[in-house]
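Shared chain: chain A. Partners: chain B in the first complex, chain C in the second.
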Partner chain A sequence: MTSELANPQTLSALDRPNSYIGKAVPRPNLDRLMQGRGLYVSDIELPRMAYAVFLRSPHAHARIVGIETSAAKQMPGVIAVVSGRELSTVVTPWVGVLSHLKGLKSAPQSAIAVDRVCWQGEAVAAVVAASRAQAEDAAEHVSVKYEELHAVTDMRTALDPATPVIHASLGDNLAFERIHDAGAVDQAFAESDEVFEAEFVFGRHTGVTLEPRAVVADWSAAEAKLTIYQGTQAPHMVQNIAALHLGLKESQVRVVCKDVGGSFGIKVHIYADEMATYALSKLLRRPVKFVADRVESFNTDIHARDHRCRGKIGVKRDGTIMAFEIDDLTGIGPYSMYPRTSAIEANQVVNLVGGPYVTGNYRARARVVFQNKNVMCQYRAVGHPIACSVTEGLVDLAAMKIAMDPVEIRRRNLIADDAYPCASPSGLRFEQLSHHAALAKLVQMMDYDALRAEQAALRVKNIHRGIGIASFIEVTNPSAAFYGVGGAKISSQDGVAVRLDAQGSVICQTSITEQGQGSESLTAQIVGSVLGVSMDRVRVILGDTDNTPYGGGTWASRGAGIGGEAALQAAKVLRKNILDVAAVVLQSTPSELDIVNNAVVNVVDGAPRIDLSELARIVYFRPDTLPPGIQPELMATRHFVPRNYPFAFTNGVQASWLELDPDTGFVKLLKHWVVEDCGTIINPQLVDEQIRGGVVQGLGAALFEKCVYDERGQLTNANMADYLVPMSGEMPDIDVGHVVSPTLESELGAKGAGEAGTAGAAAAVTNAVNDALRPFGTIITEIPLTPQVILTALGRI
Partner chain B sequence: MKAAAFAYVRATSVENALELLSVHGEAAKLLSGGQSLVPAMNLRLVAPELIVDIGELTELRGVAVKGEVLTIGALTRHADLLKSREIAAHAPLLKDAVAHVAHPAIRNRGTIGGSLAHADPASELPACMLTLGATIIARGPGGERRIAANEFFVGIYETTLTPQELLVAVELPVNPKNSTHFFHEFARRHGDYAIVGLAAQASIKDGRFADLRLGFFAVGDRPLLAKSASKLVDVAITPAVLSEAASALDDELDPLEDQQATAAMRRHLAKVLLTRCVSLLLARSDLRAGASA
Partner chain C sequence: MTATIAIALSVNGELVEANVLPRLNLADFLREHLKLTGTHVGCEHGVCGACTVRVNGDIVRSCLMLAVQTHKAAIETIEGVSDSGEIADLQSAFRERNALQCGFCTPGMLMAAQDLLKQSPCPDRERIREHLSGNYCRCTGYQAIVDAIESTAWARTGRRP
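Then we have the complex of A and B:
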């Protein structure tokens, strides 16, 4: 199934005349967005709408002694000042656990803190006023008396008996622990020629979206209905949870999600302040808007990574990797996030370490601890960058030990391309991966040998460049195995309804959502291709629980693979229905007819027989002319979920080429390459840009991004000047190539591509930095690789 | 992230602005390009009662050369400096420096007067003023005051300007013939505030510095015109001489620690900059070989 075509233009299964599959067609929503006609939640204004501002705790851990609101209530424009206790009459607390993550525990979390705050930035009161500015003015007049409590901030000591327990009812600060042991690890290490150990440290960082989290909640007491306009990745999940905690039926809640200014996993969770906004609307019986500002985004948008992972690798002198062992520790803040939980990242690390390689000897422990910092949860490429950095770091360091080329050690250990189906040492099942084809293509794209020669020549001139390689696997198209089996009402299936309307154009409703990935485009491309209709006749509707089929949304690289297949199957049914009625009208048979360029044509000679618009006119306005008993169905709905494999794994490999200045510790990224295999490519431009965007977020983690907390649990860089996001000036050119191994779970064959870039970028950069550092006899296993970190490792400061 | 309520007035003339300042004193803030003031207001770090917008005082905008003096109006924007032929011809150091000031959107609005009056020790232009021997011209209730750049900056965000004074212009001596310059800064990303930066101006005769002015920034609470430069003037530069100058520089620095760098790292990078500057200005790559400081 594996082909090495760079960007396949067509695919046999979908190789229809004028197919849009595999073509870089422009996104249909571009003009609308470019001309400022997008509808972001931040743009929404409703009659009688009020603005909520949250007063947030300045302390990482404190008892709330008292809240004095009377002065604030007198301020101009103020509608209400609401404490956590008052709001708890409208909304119930929640606990972020899933039953399949055995032993995972967390404490009840309230929409607004009651009695106690557990991180700097947790809301202690809401001020609702006629404008955001008035609410901010009034918030300055709410006085809260705190009694500071000991803040648990260092994950390394969170489990010490001397450290206070954040939630007494839980008994300790351990949220989750997973232990995995496969093969014969001790024996494998004993038989190794070299064993290498290191501690890998990952900075806490976050996803910085262009549009912050935003919600407008509109409780209509007259209809007993709550409409939530929210920038979310999963509208049906929001509907379910809002209903559950506000004491409503799901039918009383409608979630509308139009344009979303970036998400990256940040907007796939249920945040306390969003729940509070729904509750405030119900309490005050009017629309309430909350748009997080940039500072509170840094303090409350989920953070991610923040792992310390000890890793160990055993290797034979011939390069055979004998075993991997890891001990991972991560601190997730005071609560496990709801409803997807904060144990998933550590769980993924255990799942993914060693994943590309043959060895079956693998032992892992992961511990997830509570601390008084902002909540942590799933952000783009959950767990992947940790697992990839540890695995690939260990592989490179092992190669260094036995003086083997990094490419060669991978060639000798990556799972063979003809070995599938098979399973990883952690038990993950792989349908079809292409590690060797991908590595071969990468080596060719980067002209590896020439680059090594250039590196050697420059070293003589005291110019220190490095090459880093990182193979990776990526979890995509998740089935119910992710959340559903653990009891979360997060759908893993998606649905698409397609109809031919009276003018011969196509309306398509899908349950996947759009945050800029191109969900609208890929849906229109698939539907247009299958139906034989030009894309400009296909309108895609998404992001509305009242008006789309029920489904999961867009996250975990699932939109194209799952939602795309549902679109394909729905369009196939509609196509059949159209041809059935066309055959009647044309006194032909469906098998003799096809649809091309918006018209029914003869299969044999392609001669046009009837325009779709004319056929639709007959069906909708002159059904009396159809023979008796003919009832055309020009609308079809199909749902899809993968059933054979819990996840459609993809694979790929990245490489970084960079220059390190040993005098300054600065790293200049010169070039980055990615070869990945996401199966069928629907829109190569969208896929490549997804990869590039993902790489840039990975490069941010590698060199720039870190939420810096002090020992008292204060986030000290919650602004865009001090929290460094990667910017275009520092980004290298990123070349993207593909290997195509379609999944056989679906007719479309598409796997996900949204997280591949982020999965391996930091690992490639770290390996390249260590390659550049070779002459200096030091290695670094900590990101971000700041000048301070590098100069310190070099002993220059 | 909305500013606290404030009153706003657009000054119609310098006299009008001064009048408003003398009436309102510290309760008033001057709005020039607004690139530091407005974010600070939106973060509610400052909450002035009155904003005096001087943006329309066109007489304060522009670059002029008269004899040996280059005058830059306080409202001249960074983008204007970057495009100005007079600056390129008579103060090329300044042109190089401005390219490092933030990003185009900020350079389109930010002004030289605003930057100098704001006196961020990590920003580029204050150090350039020291290096270029600028005179800062302020007007206040008592008339015009001329302040030498090396007396103007007195601390973090602190200058000798009084709340009643308005910075109206800076004067620079036109670049002497045969002078050369060096500008570089270390920043995590292009456009960020520097971790350490150096604005240098020199004249070179027979492979030696006849004059050398080294304006360091982000190495303390204000820009620093390094006295240790004198150790490099009128001598044959050897690695030993350079190393002695570097350790003299070390004594002059009083760097702060922040999230980007410890004080030790700033000291280290300042010495790297010194070495690179000297090696580049004298076209002596041999000096750089031992640059590891």
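Then we have the complex of A and C:
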């Protein structure tokens, strides 16, 4: 549609006749989903399956005095009512820490609370019955006596000596602190012509996957094997952790992941109620299903953001940015989430602030504190929207101070496109970014000068429009530096097995997973292109620990860059093996042969020599006709993990054009632009749609989405009517453009694109709102930008 | 325990007779009793639109309707309108435009889109966005869905963009 490649790159191994690389081919197997014939976990039923519901704490913090279950056990259809203490005989507790996040601490968390509940929504008992309705009926007859404890809810006072400590064994409510100091920050501020400071406030929000979290756990006592059907982004991680805490070997656990109704980072964690469901299946020796209802989703799906970040920038009158300084505070609920921990977001904020810019002067502190609210952890674009909003907000406000155009101040400070490789002030290594090319393209796409003229003309008529720009960097293709080095058994490598079947079609098994991003499509595109096989002959198997190579899965924008490279390398080996045997059969040499359109052809004249189906027939059914000593291998497996760079950084820039109504505080989004650089683009349509979907999630955070807690730790808007998400009528059309700087870390050259949209959308909107507010002499550094926030800033309420 | 109530209705053109509890909603009846799992349950309180089906020709949220209210009614679900070919062109446009990612909202989205195109053959983008405002999609950002519906409307009415 609107996308175009600025400088398309060609790739030797992939630059072949009929290559699918760089083409907007439709994803395979969409009919299944469009005809209502998908298989989401919520659709799965097994023989003897029972349904679990969880009785959840109404208090944010309370001691469990007693649980009375006898009445519930007499209810129709009830199979069991299980408390946390009873379940603890089956599943062990866990602690969400990583050794490379120095000082990170947390307390043991149980599948079902034992003795004490630490947030409103923590499970205190499970009721298992023949139907979900019967289990819900019985749950009403479980009586729990609580003794309410003080709820720690305000992150700003969580560390005060007067505030009770949530976990006495930890000594205080500080989960993690990181301090970073680079360059000569004090001197840089002293030498600045203007220094600007502000506090940036980010609401707590959540992913709202349209399909709630769901799991079917099936313990076969006869086989001593647990099969877990779950919508997860990381099947092998779930396998490892389920085995670890249920006292099993990984070989006794199979994780199957069919269709997943949205994930966005929500479904990459280990949740207490899911662990409880695995344990209930083992305890009751039958399949047990748990599907969260929407209220449970709001109360127990991980929340994200909830930061208060003081930011400071120093700038010269010529626009030179002298230094950044931040002090970030975030509240993560009562436990650090398992196994990825809840310190990663704050850590990312420290990593990413100031990242697009030249200045080396950067000081940061981040503190992560416990609270009696729902757990918080990594959700799409972890830390990026915070870092981008703070950085880009400060840059715009500095520009305002020195009366410089927002585009111009960025031109003067973004790292030059020919300065790579280089490092950020927080020590991140950049291989190749393209901030200036991206900004130039954005300015052209949005016709910046015309838009400024339109804005000025409308302002005279009391119509208040704003333009907001936000440059960003994005962490993609994470190596073991993310989790593995900290001791978590979360694989950073992925594997792909490719085989030619007996009719000349291709079957790929990949360890990356599909939640709609297009993992299946990109794998088929790469394999089809390398092998010379049409995509309709390529079938991709994913989401099954028994039937795929070992690997990380799909998260942190890693599927295309890491899983895609493994697919490329596996297909290259299979291609060589096919040509080797074809040369024998055809009495030729491999170098004289190629594979095009499902047939082996002559390199010289393209003349077809033998169909792959015929070659496969000979190999599989008439190997007796091959010369002695020839053993064809029509299956190949390769794995890949980046080794040179801890992360493949991408970059981009977004712009928002909106209209603000100063009487109502409403913001109308008129248009949004994104230019991003994810390296080699395998399927431009899929990349564009990742960007658009990511932008809209960022726009939700910017304008609507917030988990509203009261001072007692009660979530007051835990339903879809009160928690607002973007709807089609409020969203603008989004134009997407690309700059292409492939990573040299892999032959494919692809970096990730899943989080770029979310990374910068809120920053662009906030900057646009502040641009629209200029005539009113006020600025806002808080999201969501609700009418209440805007009218308050305008002094109208 | 409340007694079940006998109902008889047409589902995708087939006669269905069942005894259901009065509290059973239509979405659960379709999914759990008839195994028509294409009707999805996203919020169970009538906001997200994933459970949209047709009852006597009108689209409704099946989580907000009781199964007993559908006695003698004609229900059409995503499975029915797919098999009849009624929305084949719309589905094709969704495929070409990648107007779905996880696909969980898609059956409800297609039911709502077809409803719009029957009421209003040539809707502009604003009208399309307005009509879809009761159907949440968390993956796509909506633009591809609007594009697919717009192009289907053009094709059905023989117009060109």
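Just so it is clear, the second predicted complex is superposed on the first by the 785 of 797 C-alpha atoms of A that agree within 3 Å, B and C clash if a C-alpha of one lies under 4 Å from a C-alpha of the other, contacts with A are read in each partner's own complex, and residues count from 1 in each chain.
The working rule: a contact is a pair of C-beta atoms (placed from the backbone, for glycine too) under 8 Å apart; a residue touches a chain by one contact, two chains touch by 3 or more.
Predicted model only: the values in this text are computed from it and were never measured.
Enquirer: Regarding the shared-chain residue A:Gly36, is it in contact with chain B (first), chain C (second), both, or neither?
Expert: Only chain C; A:Gly36 stays clear of chain B.
Enquirer: Does the superposition put A:Asn351 against chain B (first), chain C (second), both, or neither?
Expert: neither
Enquirer: Look at A:Asp663 in the shared chain and tell me whether it touches chain B only, chain C only, both, or neither; answer first, second, both or neither.
Expert: First partner only, chain B.
Enquirer: In the superposed arrangement, does A:Ile797 touch chain B (first), chain C (second), both or neither?
Expert: A:Ile797 sits against chain B, while chain C stays out of touch.
Enquirer: Touch test for A:Ser106: chain B only (first), chain C only (second), both, or neither?
Expert: In the superposed model, A:Ser106 contacts neither chain B nor chain C.
Enquirer: Check whether A:Ser511 is in contact with chain B, with chain C, with both or with neither, and answer first, second, both or neither.
Expert: Once the two structures are laid over each other on A, A:Ser511 reaches no partner at all.
Enquirer: Which chain makes contact with more of the residues of chain A, chain B or else chain C?
Expert: When the residues of chain A touched by each partner are counted, C comes out ahead.
Enquirer: For A:Thr545, decide between first (touching chain B), second (touching chain C), both and neither.
Expert: After superposing on A, A:Thr545 lies clear of both chain B and chain C.
Enquirer: Once the shared chain is lined up, is A:Ala721 touching chain B (first), chain C (second), both, or neither of them?
Expert: both
Enquirer: Examine A:Asp293 and indicate which partner it touches, taking first as chain B and second as chain C; both and neither are also allowed.
Expert: Both partners, chain B and chain C.
Enquirer: Share the list of chain A residues that count as touching for chain B in one structure and for chain C in the other.
Expert: Common to the two interfaces on chain A: residues 133, 293-294, 719, 721, 726-727, 729.
Enquirer: Residue numbers of chain C touching chain A in their complex, please.
Expert: 1, 21, 23, 31, 36-45, 47-48, 50, 77-79, 82-83, 91, 94-98, 100-107, 110, 125, 128-130, 132-147
Enquirer: Which part of chain A faces chain B closely enough to touch in the complex?
Expert: For chain A paired with chain B, touching residues are 132-133, 136-137, 140, 293-295, 462, 662-666, 704, 708, 716-717, 719, 721-722, 724, 726-727, 729-730, 786-788, 791, 796-797.
Enquirer: What residues of chain A sit close enough to touch chain C in their complex?
Expert: 1, 26-27, 30-40, 42-43, 76, 133, 207-212, 259-264, 293-294, 515-518, 685-686, 689, 692-697, 719-721, 725-729, 731, 733-734, 757
Enquirer: Help me check something: in the complex, which residues belonging to chain B touch chain A?
Expert: Residues of chain B touching chain A: 1-5, 43-44, 186, 188-193, 195, 259-262, 264-265, 268-269, 272, 289, 291-293.
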